[in-house]
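Take this structure, written in structure tokens, and hold onto it; I'll ask about it next.
A, B, C and D label the chains in the order they appear, each numbered from 1.
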Amino acid sequence: MHSVSVQNLSLKFGAAEVLKNLNLDVEEGEFIVLLGPSGCGKSTLLNCLAGLLELSEGQIHIKGKNVTWAEPSERGIGMVFQSYALYPQMTVRGNLSFGLKIAKLPKEEIEKRVQRASEILQIGPLLDRKPGALSGGQRQRVAIGRALVRDVDVFLFDEPLSNLDAKLRSELRVELKRLHNRLKNTMIYVTHDQIEALTLADRIAIMRGGIIQQLDAPQTIYNRPSNLFVAGFIGSPAMNFIKGTTVGGGKAFKFGDVTLNLVGYEGGAIMDRPKAIIGLRPEHLAIVDEAVPGLTIPAVVEIDEPMGADSLVWLEAEGKQISVRVPVEHRPVAGTKVHLKVDIAKSSLFDETSELRI
Amino acid sequence: MTNAASFATTPSGAKPKPFITWERFVVYAVLIVCALFFLLPLYIMIMTSFKSMAEVQSGNIFVPTLHPTFDAWSKAWDSACTGLYCEGIKVGFWNSVKITVPSTIVSIAVASVTGYSLANWPFKFSEVFFTILLLGSFIPYVVMIYPLVIITRELGIFSTLWAVILVHTIFGLPIQTLLFRNYFASLPQELFKAARVDGAGYWGIFFRIFVPMSVPIFTVSVILQVTGIWNDFLFGVIYAGPTNYPMTVQLNNIVNSSMGGKAYNVDMAATILTGIVPLTIYFVSGKYFVRGIAAGAVKG
Amino acid sequence: MMLIVLGVFVCGTIWTVLFSFTNIKILPIFTPKEWIDGFVGLANYRRLFNTDRWMSCPAITHIGMADWRFTCTGALPNMVTYAVLSIAIAVSLGFLLAVLMDQKIRAEGVFRTIYLYPFALSFVVTGHVWAWIMSPEYGLQASMRQLGWDSFSFGWIADRKMVMYAIVIAGIWQGTGFVMALMLAGLRGIDEDIWKASKVDGIPAWRTYIQIVIPMMKPVLVTIFVIVTSGAVRIYDLVVAITDGGPGISSDVPSRYIYQNFSANLGQSLSASTVMLVAMAIVLIPWIRMEFGKKSQA
Amino acid sequence: MKNWKLAAALCASVALPSVAMATDLEVTHWWTSGGESAAVAEFAKAFDATGNHWVDGAIAGSSDTARPIIISRIMGGNPMGATQLNPGKDADELIKAGLMQDITDLATKEDWAHILRPASQLASCTVDGKVYCVPVNLHSGQWMWVNRKVFEDNGMAVPTNYNELIAAAPALQAKGIQPLSLAQGWAIGLLAGDLMVAVAGVDNYVKVYKDRDMTIAKGPEFTKVFEAIAAARQFAPADKIVPQWNEAVSLVIQGKAAANIMGDWAGGEFAVAGLVAGKDFDCLPGLGLTPVLDTGGDVFYFPKNADPAITAAQLTLASTLVTKDVQVAFNLKKGSLPMRADVDLSKANDCMKKGLEILDHSTAVFPSGSQMIDRDSLNQINDLLNEFFANTDMSVADAQAKFAAIIEAAPK
């Protein structure tokens, strides 16, 4: 039994189809991140799961129960919002317990749950304060607490860390992971921040235009993006794309004067394609002095950006800008002619027409 | 449970709804009943404006006219007499526009910035300032007429458009400032803090954060100011000078004739005609009331 | 600009207060010399409070404050009656309408315009229409009786004790739309996520309004309250158009007293304004200190 | 120097009207209804014929609305060329403050003292022997308007005076007809004022209002007045009182009410409705009791102006307003009586002719309230009378005492 199961979900606002025939199965205890650019439908999908938006077609099951028509509060979900959405005139305790009081839970039970949530989130000392007197990080903890006390199986997060500054964001990210490890609840998490996605997710669903482009473990998504969009979206700095052709029955990739040997490429049948694209991540390239036929690309160093732990070097090859991540101690001098060694096993090939990974 | 039954009741797609639910019915019923109460005087005005004076004097005010005529309308617009001239209320139309547009813009601009300062950048005497402003909104404006005559005379702008713009800005300020100050105060303060952390300055925060988030309140403010200024008679006639007499001077002259007989049908038509500009603004402003025009649009 | 405005209010107020102690009549005076020459002490105030039209409280000495309205007559008590009733009704009705308008209804623009239009029209004429409607001779009462409902009676406008309530009806008609618009703006300034959170929490909509949204709208509510109050305190057009103070002087209000004296006895006008100003200051200043003082310290 | 300038201007305006430079002169007034506009047009036509130009600044709403505007304009340093203003006490302060143009020389030259009548009109334009305004017409408020048909249809005698109307009142009420229609506000004040004149007599009325004779104000004559007012209020109960004077007149025209007491301007309403005096309705000056009329009227003042061209135009206008042709043309349209006796008014209607006849007897003419007492006191009296009329709990003695107190406190 899936924890959350979405079948053939479509959502239309008038003529505009915001979500298109979506399917998504989430396992018990899984941490799923919905990732995508603005307007891709990720928050909309989350709102559909929560029952805050009515879908046009399809079904939603949570814990095996068909909740397609159920009220938000009856779905067994808790939700955390970007703007925290705390009730400003109530104390933290009030915020945590308000929904439970409405549900007419016995007092002791409410007290027990508030106590537990405040322990888990370490907000005990804040219980009698009002949200206005809390910092952003504290507020978001309270917002999580409000989902926690509902004692539900599925947590929905709608960009919960976007309103925080960078430092707090990374702290809370770790805390969220810890929380997930401890509670083992199903969590569905919307963000536009790929670091959050890569660090938190068991699986990432990359969305675009109301369609899930790829749903896979972070490493798979990173190393084997299923199409050009996913490849370009994930990774910072972005993957280098070079247009060319595959020749020799799929044995080599040719662009300009350069020919790369494709033996060892992990993927499908390459064949000869007149329009292909090779994607190379900056950390999968290395700067070498000597050319190796079929394995290196000649290039000229333009600038480098030291980033602390390593350095990002920008080079020019065959009229194309290419970025390479190198250890700081290996920073080359601008204007130097070098060669870039390609790790074919970690590269991605795409068909330019279909934009799909080969 | 049989399979067939299960299939039939398996929720899928949009939740089926009756044509109208009980709650919806109550919502619309209340709205419509209230609308009828609000429309009753308008109905009488319109009916009266289509009657002849003989029919007005002999008939029941609620009874629809039997012989509708546009005479009162054309007379109100085109030929009703106000003193020497019999050119109806159209005469002052452009003057009213000339007074209303700059007065509305200036007063709202000044008030929104003042409200923003009071809400987010408190200065030393801001509380005193605000108290005086607030008290100002309770002064019967008529007693300020003479001091303002002296002030505008000393500024050398008496009997010009500038004087009337100044006066409207001054009298609009207490309520307008209150409007903006309190609305800005109700917006989440994190936004203000975050923007400051990001290095945005006084004007940057105002224009990039607060203005876009405050479209509904700007709409209310425009409604308030346009109505007040468009319908103002006294300030226009005193401070704007005879060459800038607004439309309401003609309306007043038609409606308030002291001794001569009253042509109610023309009065009604003239009133509705004068009110068309604010009414249009109310209707057009509608879309700026849509929820989350600024806040909701950002997310995917 | 702010300083000019401040200056105008301060100067205007000082002038009003100072020259309310002079025998200023029709032509305004401004200089200290004229002030000294025309100084009459409290004469204007003495006359003001000896005028039945302003306030007359025959039984105030032996009847408690609770009966104030019913024993006192005159412009000032009338204004208090009007203010209390119209504020209470316009604010609650305005809120109700705003909430209903917020239910994603069809034709929102049409309803909004219908509720707002009275605000756009000059009261000189719409007031006259109300006078017609409420007139026992021409209006509702006459029509109902024509239709055969002989016992129907709606003659508030001609009844000295009820006439202020008749004015309240017209006041609500005129002002509620604006309150509704402000409320609607306030409602739409509420973070959408708050609504979502309360739905997920399973809080019924009416409780969300009362326990969460209304408290969040407090600044807007304060604005509405001040605007409606200042409108009620300065009520003028409405009374002039509907009853012109009648029957007798039973529906007179302070602004009408101030306006009428403005072109006959400025001293009365100024002293009446000063009384209003002092009364408002007594009510407002402590409240402002409480309301806004804590915010600026926090 | 100043006098010389004035004299020069005077010469220019009177002696050489055709050569005078065309000057725009803004004139404020509150005549805006159809008939009033037509009357103003006569003034404008005549003034434009002098080579100048009449710029109309109509502001409706009677002097209460217009006065602050006029004062503001004068104080703001942008005065109008000429303005209608209630004569007498209202304008005194403006004159004392030196804001008004002295037109004595013109008045002397044209011998207004002899050609304009009654003398009270010019007198109220005169302060300390100097003339500041031009009276242009006479209006009187002592008229009772009776719908003949109401009585004829019911087989009753048409009353010829107020007392007969009151006598017929119970019979009218029995037939569902309101004996007396009445409008709110100043109309009640006007009715009460007419009753003062009718019951207490012109002399006593003038003694109280002008001389502030307190023994009469507190005495039995005025007790009778207030008793008469108290009697009138039962014939026009509060729920029958209409907001506007013309609605009250309209009730008489429609036959819903038998009579109304209103000034001569009510004649216009009857004319518009197509009713003929003497046949359909009667107009009874002095309420039919004693044929007397007060002489309210309209006057024009000329605010001082720095521009000599305007001063000249002001004098031209002043002179134009009282010429024979203009007086006839204007007053026929306005429905008021002309200031000059030496004009032909054969076109006047019956009611106007009745008025003209009374005007010829100087004893039957007396000054209007605003010429004798200040506006502030008149307002207070009006408030009192309105309250007395509406509040049946107020006793006659109480009302009279309050009335006397206002008279006593009025500035001399």
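Simple rule for what comes next: a contact is a pair of C-beta atoms (placed from the backbone, for glycine too) under 8 Å apart; a residue touches a chain by one contact, two chains touch by 3 or more.
None of these values were measured; they are calculated from a predicted model.
Novice: How many steps does it take, at the fewest, to get from chain B to chain C if each step moves to a chain that touches the one before?
Specialist: 1
Novice: If you check the contacts of chain B and chain D, which chains show up for both?
Specialist: C
Novice: Tell me which chain's centre, taken as the mean of its C-alpha atoms, is farthest from chain A.
Specialist: Looking at centroid distances, D is the chain farthest away.
Novice: For this structure, which two chains share the highest number of contact pairs?
Specialist: Greatest number of C-beta pairs in contact occurs for B-C.
Novice: Going by CA means, which chain is nearest the middle of everything shown?
Specialist: Chain nearest the centroid of all protein C-alpha atoms: B.
Novice: Calculate how many whole Å lie between the centre of chain A and the centre of chain B, each centre taken as the average of the chain's C-alpha atoms.
Specialist: The mean C-alpha positions of chain A and chain B differ by 48 Å.
Novice: How many angstrom between the C-alpha centroids of chain D and chain A?
Specialist: Computed value for the inter-centroid distance: 88 Å.
Novice: Give, as an integer number of Å, the spacing between the C-alpha centres of chain D and chain C.
Specialist: 36
Novice: Quick one: report the Å distance separating chain A from chain C, using the average Cα coordinate of each chain.
Specialist: So the centre of chain A lies 57 Å away from the centre of chain C.
Novice: Where in chain A do residues touch two or more other chains at once?
Specialist: Answer for chain A, listing residues that touch two or more other chains: 82-83, 158.
Novice: Mind pulling the residue numbers of chain C that touch at least two other chains?
Specialist: Touching at least two other chains: 28, 128, 191, 216, 259, 262.
Novice: Could you check chain B for residues that touch two or more other chains and list them?
Specialist: Those would be 142, 145-146, 150, 188, 252, 255-256.
Novice: I'd like to see which chains touch which, written out pair by pair.
Specialist: Chains touch in the following pairs: A-B, A-C, B-C, B-D, C-D.
Novice: Which part of chain A faces chain B closely enough to touch in the complex?
Specialist: Result: residues 36-44, 54-59, 66-70, 82-83, 132, 136, 158-159, 163, 165, 190, 192, 207 of chain A touch chain B.
Novice: Note which residues of chain B are touching chain D in the complex, please.
Specialist: 57-58, 81-86, 142, 145-146, 149-150, 152-153, 158-159, 234, 237-238, 241-242, 249, 252-263
Novice: Across the complex, what residues on chain C touch chain D?
Specialist: Chain C residues touching chain D: 25-28, 51-53, 128, 131, 135-137, 155, 158-160, 242-250, 259-265, 268.
Novice: Quick one: in the complex, what on chain A touches chain C?
Specialist: 47, 50-52, 71-74, 77-79, 81-89, 98-99, 102-103, 146-147, 150, 158
Novice: Provide the residue numbers of chain C that touch chain B in the complex, in ascending order.
Specialist: It comes out as residues 1-2, 4-6, 8-13, 15-16, 28, 30, 93, 96-97, 100-103, 105, 108-109, 111-122, 124-126, 128-130, 132-133, 138-139, 142-143, 146, 173, 177-178, 181-182, 184-189, 191-192, 216-220, 222-223, 226-227, 229-230, 233-234, 236, 254-255, 258-259, 262, 269-270, 273, 276-277, 280-281, 284-285, 288-289, 292-293, 295-296.
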